[in-house]
Amino acid sequence: MLDQEKTFEPLIVAFCCNWCSYAGADLAGTSRLSYPPNVKIIKVPCSCRVDPIFMLRAFGKGADGVIVCGCHPGDCHYSTGNYFTRRRFALLFSLLDFMGIEKERMRLEWVSAAESAKFARVMNEFTEEVTKLGPNRRLMDIRNLPEGYEELGRGPHREVLDAQAPHARNIPSVVKIEEQMKARATKLLADGVVDRVLAWKAGDHETMPEPAFFDHPSQIENMVYNKYCAHNLSKYLMVAPWLGGKLFDGSTLIFLKPCDSYSFNQLIKENLINLEKTHIIGIGCGGTVQVEDLEEVGMWEKCGVCTKIHHPVGDEIIELENNSPRLDKNARFATVEAIEALSADDRFAFWQSQLSKCIRCNACRNTCPVCNCKRCVFSNNKYDMASKVNATEFEEQLFHIVRAFHVAGRCSDCGECSRVCPQDIPLHLLNRKIIKDINEFYGEYQAGQDIAAPEPLTSFDLNNDGQAGKN
Amino acid sequence: MQMPDMLIPQVGVVTEIIKETPDVKTFRVVNIKGNKAFDHMPGQCAMLSIPGVGEAMFSISTSPTNTKYMDFSIKRVGVLTEYMHDKMKEGDHITIRGPYGKPFPVDTELKGKNILFVGGGIALAPLRSVIHYVFDNREDYGYVDILYGARSVADLVYYKEIEKSWTQRRNTNVYLTIDRPDDEWDGNIGFVPDYFKKIGFSTDKVVVLCGPPIMIKFVMAVLLEMGFKKEQVYTTLELRMKCGIGKCGRCNIGDKFVCMDGPVFRTDELDHIPNEF
Amino acid sequence: MEKIGFFVCHCGSNIKATVDPNVVLDGVRSIPGIVVAEQYPYMCAKTGQNMIADAIKTNGLTGIVIAACSPRMHEATFRKVAEAAGLNPYMVEIANIREHVSWIHKNKEEGSQKAVALAKAAIAKVKLNAPLFPEENSVIKRALVIGGGIAGIQAALDIAEAGYEVDLVESSPSIGGKMAQLDKTFPTLDCSACILTPKMVDAASHDKINIMTYSEVEKVEGFVGNFTVTVRKKARSVCMEKCTGCGDCWNKCPVKNIPLEFDLGLQNRKAIYIPFAQALPLVPVIDREHCIMMKSGKCGLCQTVCQPGAIEFDQEDELVTQKYGAVVTATGFETINLDKFGEYAYNDSKDVITSFEFERITHGAGPTGGELKRLSDGRKPKSVTFIQCVGSRDISGRGKPYCSKICCMYTAKHAVLIKDKYPDVNVNVFYIDMRTPGKAYDEFYRRGVEEYGVKYIKGQVGKVVDKGNCLTISAVDLLDNVKMELETDMVILATAIQPVPSAKPLASMLSASIDTNNFMTEAHAKLRPVESPTAGVFLAGAGQGPKDIPETVGQAGAAAAKVIGLLSKDVLLSNPCTAMVDINACNGCSLCAPVCPYGAISYGPATVNDHGLKTIERVSHINQALCQGCGACVVVCPSGAMDLQGFSNKQLLAEVDALC
Amino acid sequence: MNKTYKIALGNLSKLYGRINETQQIYLPVRRGGTLNFEKWHESAVVDLHGLKTTNTPKDLFLPQSEDLYTAKMDGTNIEIITKDFFDNAFVIFGVKACDIEAIAVMDNIYLSKHPVDMYYEARRKNAVLVSLACNAPKNACFCAAFNIDAANPKGDVATWILGEYLYTQAQNGKGKAFVEDIMGLFEPAEADDLLGLKAEIAEKAQSLPYSKLPLESFTGENMMKIFDHENWDFLHRACIGCGTCTYTCPTCSCYDIKDFDKCSGTTRFRCWDSCMYPEFTLMAHGNNRLTQKERFRQRFMHKLMYHPMNYDGQFGCVGCGRCINKCPVSLNIVKIIKSLGVEVAENANA
């Protein structure tokens, strides 16, 4: 561990793949090449076995540097393992850098069984670099500091970026769509084509409609669709008994706004929707508004930058006439670019200030359509990660980094996670940063657009994967 | 010595581990100095825990009259119990805090009455505490009948103790049954409720009933059918408990907290709380 | 009850020198569960193994950790010891405190602390190990040898002799490989064809060996004991059965000016040809790029001339798919390209040739009929100069860093051959070091110097200039430390050798690892030189590293022995460290299937009891036979439903915790 | 009646500085676009005019996670190391009437019944509650329904913002001692100046949409009737079981006890928990609340029925309106009260 009086001795954890880099390390031993004892090696079958959670756990427990070693692309004993590693860690390093954590603390290196010299050189270089950086203070669980080690002064949080003022914009009325929805719903229910309808029903106040199921045509008259219907309905049809009361095996009509339809299509792709038993009507959307104390405050951020006006899936579409995307295409990544432009310290201060507000209420997890695990790693102790609350700052980072990573490549940027956050943390920025990276490194990809398209993190492309992985 | 706060345990030592059945072991616990951790009444429970593994509520299966140690008969079901069964050996430490819960009313409603104990499977553990208490104050109580059933001979908890001591006690009848036929078993074959109906008890008794929920459901039906009133029947609820002091909200059913107002309930009280147990 | 045995090995002084075993023992003794903590100078020796076996039996250990050398060395040994003592072999963990600690850190105190940390990690892991039982799957009693040179032929013969079917695949039209191109072989100078052709005939005529020439491996699936290989038999346009090898066709063929690859382009061949006289199978091949009939459809002379009517212009490539239990790679070598070595003027002067080209020139059936002639003007050279290590031991990055091993001997051979046939020609050899380590090698080289008067100059050549009627070499004589100029008539470059280009794609098909020079990597440099780390793949010949014929034949025999050992088993134990899925937590979201390189994951309905709520749900299913345990699916699974036996999430997290 | 003082809003930061010398101050701070109770420091953006903070005073009395004790493990031997209870004084400033009432609800749960929760008690003893009247209650507020007087907040010291001044009135001994301690900065004021403001607040509070709710039928006898009511079937359907309502509710006080193993031993800590999570009542052999309907019903039954039955009529809700604003799918306790309260009342007298 680290000790203040003596010169700083970094703790480096190295994950080495059994077939190449571990053998390289062995050969470095046999050829008596020396590298600092700070490096401690954990053997894994393949570099693709290293889960980002292991790296975060190592940092959390006090490691100052983590390096993942694997076979050279093309040499992998399991033929494709390291292609996934290359993409996964390129995105992880970029995300952690985005959150202000020094990217020199983490490395991905290809070392073959014969490259003992390279192994020793890399370990020497890496240890030196981490020693220069100093102890890991930004991604560490302070509860793991040894007794009597003065805790880093967590100064008051600094304001870095002013909060985004909601986009003021007039919102076209969708009352015509509401009428058509009610008509279609009544007809389909009456004809028995569907057994229930999933839409919104009027709350006890005009600004508070709630997602609701309608089982009988007589109930349709209190169905409503207006600018307050911001909820994404896709997750309600997910086949999850623990969510939906008794198992429903009838057929359902669901109304989907354009952004919701991408999420729904992604759930279809992940076999969580019983398609034969679902009738989909895509409905136009002019944008939804944020409500505070039953009063309109302004358009939701996700609608402000919305470019999705088409439905990738739907048996019928009820269009909103002359509907044009609200802003130009790159407004979507404007805030992400603004943060990227900040210095590493400012980026860290920004996320430290935002994430410190998180109360781990799980709203972002339970509302996110692709966060659909039956039992989340954070709430079952089979995975040794279960934690219900952010006892320390590290757990705040850990929860949001792991969540962003589990939905990487599957998140359709529907903006629900930021909408539902009681503490207004701009969580969508983490997912959008990953989306921006995926688009840059591996080519434009919109989750939920096309069911057949291979997903970025479970596929690879031999010729253009290289430049991302060379950090 | 009472700890400053009921949530903080004291360190105990497991002096003995007795293998009762393939999946039930009895852990004998004393405090560091070797004597009983704290006093308790029959039916009360204690929180045992191994730091880093977990903490859970277990009923104390020895009687208050036993001042030397406390026994806990534990079935291997969850994370903590698995650790205790597989990894613990005699002499290991364990933390213990309690006593929790309202005990069986041995000095009030049960005093002077004939008592009929009905137990199923591992649920004989809480009953054993009351039975030993009754045996140690034998004259305070009337006739004692013990009806106990389990899946198989191997699953009969405290079988040797029942055979050697319980059956020899004055004015005490012991009826044992197992679910499925077994060649070295000459006793009754069948479920507890059916055996109960076969024997047919007179209704001048107080019933102490513990067992898995389905068994309780069927035995209650038989009891009511034979004329017993709900006020005569006591049982325990088995729910998840965390703090044990009625604060953490986990065992809250209706306006009652099972860890404070129970786990011992009179069955008529159970009708006044929502059927969520 | 959990009882762990911990054993520290001194490995003689390898570990003891820089890691204090007592510090390691004291560091772990108090960890809960440690029942036995002992040390011994040689844990892997019989006495060490018995010590472990006794400890297991007497204390009823449930798991052992050995802090010693790399698991890649003795994990199997210690697993066998555990199994013999009645403990499941997968309840054994190794802390690598030799290669990763004692050999690389000089400071004993730091080394010992690191050894303690690695020991704690291994103990944390073994506590979470579960007994694993390898599955049994059948072994196909058939072997595939890729590469028809001497290595492939020898391996095929040895395997066939043991009674197993062998398919021998060769990309060129005939087997024989590079050895067929040689004239004489060192150090005995016996004629290469004389010792090779009998073996080729044995192989061709052996009933258990099925030779597929002019064919290449296209696709490999499966794993040890159950490889499924697809071979593309390229269309020869000649029917193998009918052709008698009479030669009428290639004599008649009008197309003459195609450089013969077998002769490195020094001679020409027809459009229909056999590479060399003793080619086996003695069946010509039509070179479809140059055959007029194939290009414009206006010839067909060979067809008219062929009495048995064996010519079939419309013959198609044939894809042969076959199951094999083992694969031997014997892809051989080729000389490197010399474009980057301008100083030797190889591309500018016809009289600067490579040793291989010289081999063809001295060969009786070669372009000059065996006569020593300058290729520029056909004159008999009065002086011949050899230059060693061209492209070998090269640190400039143009050539190869390694020594090509065979050049010293074949240059000594060439020098002796010249002096023997033309005593008046003086022969000079520029060398850096003479490496003649084999049996009777050095004596042969010294004979060349003393009896035949070959002049060896220790020094490197700076430049070769072609003056038209002669060549001038400017070099440095390191012994006399003097610059020198030398006029000579012919310069022969002992060129470095490298694996054939087809080795790299073949390796990835077999998912066998290769090193940065594209030589096949052996499972262990000293202890398992003829096996690839990929189970079921064996290595023979120069494809694994530069070597001469005796070594190649020896290695081919060794590889064959390993194959025979594998095929003799009826059942193979598969790797039990495979993935497993917890159907209660599986969402059926099919994120895992796309990342499985072995297609081991499928989906289907299963009844799931989630704490009393029984439902039928679509869940993932692992085919344990195909799964190789890489773990790609485990990391892609967000809910942690997928886990890997032997490297589970909990285990690896426990190791991380123990290290930090 | 205690004396009334006032201080110009301008030199409030001087007041904070003065208090900060002896004890910590927590007050509504606007940061990163959200208003939360946070520790005061010079550069903190204090905003007393914001209606309500997202987090609640519960954070300070039942922190989201609090270490109970550390168990040092040496082999299988355990040594329990307890830490002494919280004892640095602090002031919580700008607490609205509903949150003060919420603290009273929590006091009932943690302090009124044996055994008293020592951790909570230590924090409560060290706190001075400085409440602040709501000048502008908004639509989502329904404290009036539980007859909480927004104009006259309880607490140790009550404060009002009137014009350019902050009026303070100590409510009890502790408050009096606190005000005397910082007397220098105050100037005497007339209690009657506040009458106008108080009336205005009371009138505004009564006129809000949810200020009158049918709470009468939530009494002990109706417990089983309301529990088995079939409205629960459609009331819970939209709930996604996320736990936001419980974590942002000032009176939700359920907690879980978990372990965290450090290198030096295992720390056992208690942390917030939510009855909306499936794992809340998950046992090895089953879960007595298997679907979201049962969990959803438990939350509202506990607030509207069980808590009042145990603490003579005190509702577990204080009408702060946070669940109305923060529920991702627009569910809240008002809809429950309206749906069940009316129907039970109707067929009660039908």
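Order of writing sets the chain letters: A, B, C and D. Residues in each chain are counted from 1.
Everything below uses one rule, namely that a residue touches a chain if its C-beta (ideal position, glycine included) is under 8 Å from a C-beta of that chain, and two chains touch if they have at least 3 such contacts.
None of these values were measured; they are calculated from a predicted model.
Per-pair counts of C-beta contacts peak for the chains A-C.
With centres taken as mean C-alpha coordinates, the chain found closest to the middle of all protein C-alpha atoms is A.
Look at where the CA atoms of chain C average out and do the same for chain D: the two points lie 72 Å apart. Chain centres here are Cα means. That of chain A falls 32 Å from that of chain D. Inter-chain centre distance (chain B to chain C, centres taken as mean C-alpha positions): 69 Å.
Centre-to-centre, using mean CA coordinates, chain A is 48 Å away from chain B.
Touching of two or more other chains is recorded for residues 79, 88-89 of chain B. Shown for chain C are the residues that touch two or more other chains, namely 613, 657, 660.
Across the assembly, chain D contributes 73, 76, 256, 261, 263, 273, 282-283, 285, 290 as residues in contact with two or more other chains.
Every pair of chains in contact is given here: A-C, A-D, B-C, B-D, C-D. Chain contact summary for the complex, chain B toward chain C: residues 86-89.
Of all residues in chain A, only 1, 11, 13, 18-20, 22-23, 25-30, 32-37, 40-46, 48-54, 57-58, 61-63, 71-72, 74-81, 84, 88, 112-115, 120, 144, 239, 241-242, 247, 270-272, 371-377, 380, 382-385, 406-407, 410, 454-455, 457-459 touch chain C in the complex they form. Contact residues on chain B toward chain D in their complex (touch as defined above): 3-11, 51-55, 77-79, 81, 88-89, 91-95, 239-240, 242-243, 245-250, 252, 254-255, 260, 272, 274, 276-277.
Of all residues in chain D, those touching chain A in their complex are 31-34, 36, 39, 41, 43-44, 51, 54-55, 64-65, 138-141, 209, 233-234, 236-238, 240-244, 246-248, 256, 258, 260, 262-264, 267, 269, 271-274, 277-279, 290-293, 321-322, 324-326, 328-331, 334-335, 338. Residues of chain C touching chain A in their complex: 70-73, 96, 98-101, 103-107, 110-111, 113-114, 117-118, 121, 504, 507-508, 511, 513-516, 521, 525, 533-534, 577, 582, 584-591, 594-595, 597-598, 603, 610, 613, 615, 617-618, 628-632, 634-636, 638-641, 644, 647, 649-650, 652-657, 659-660.
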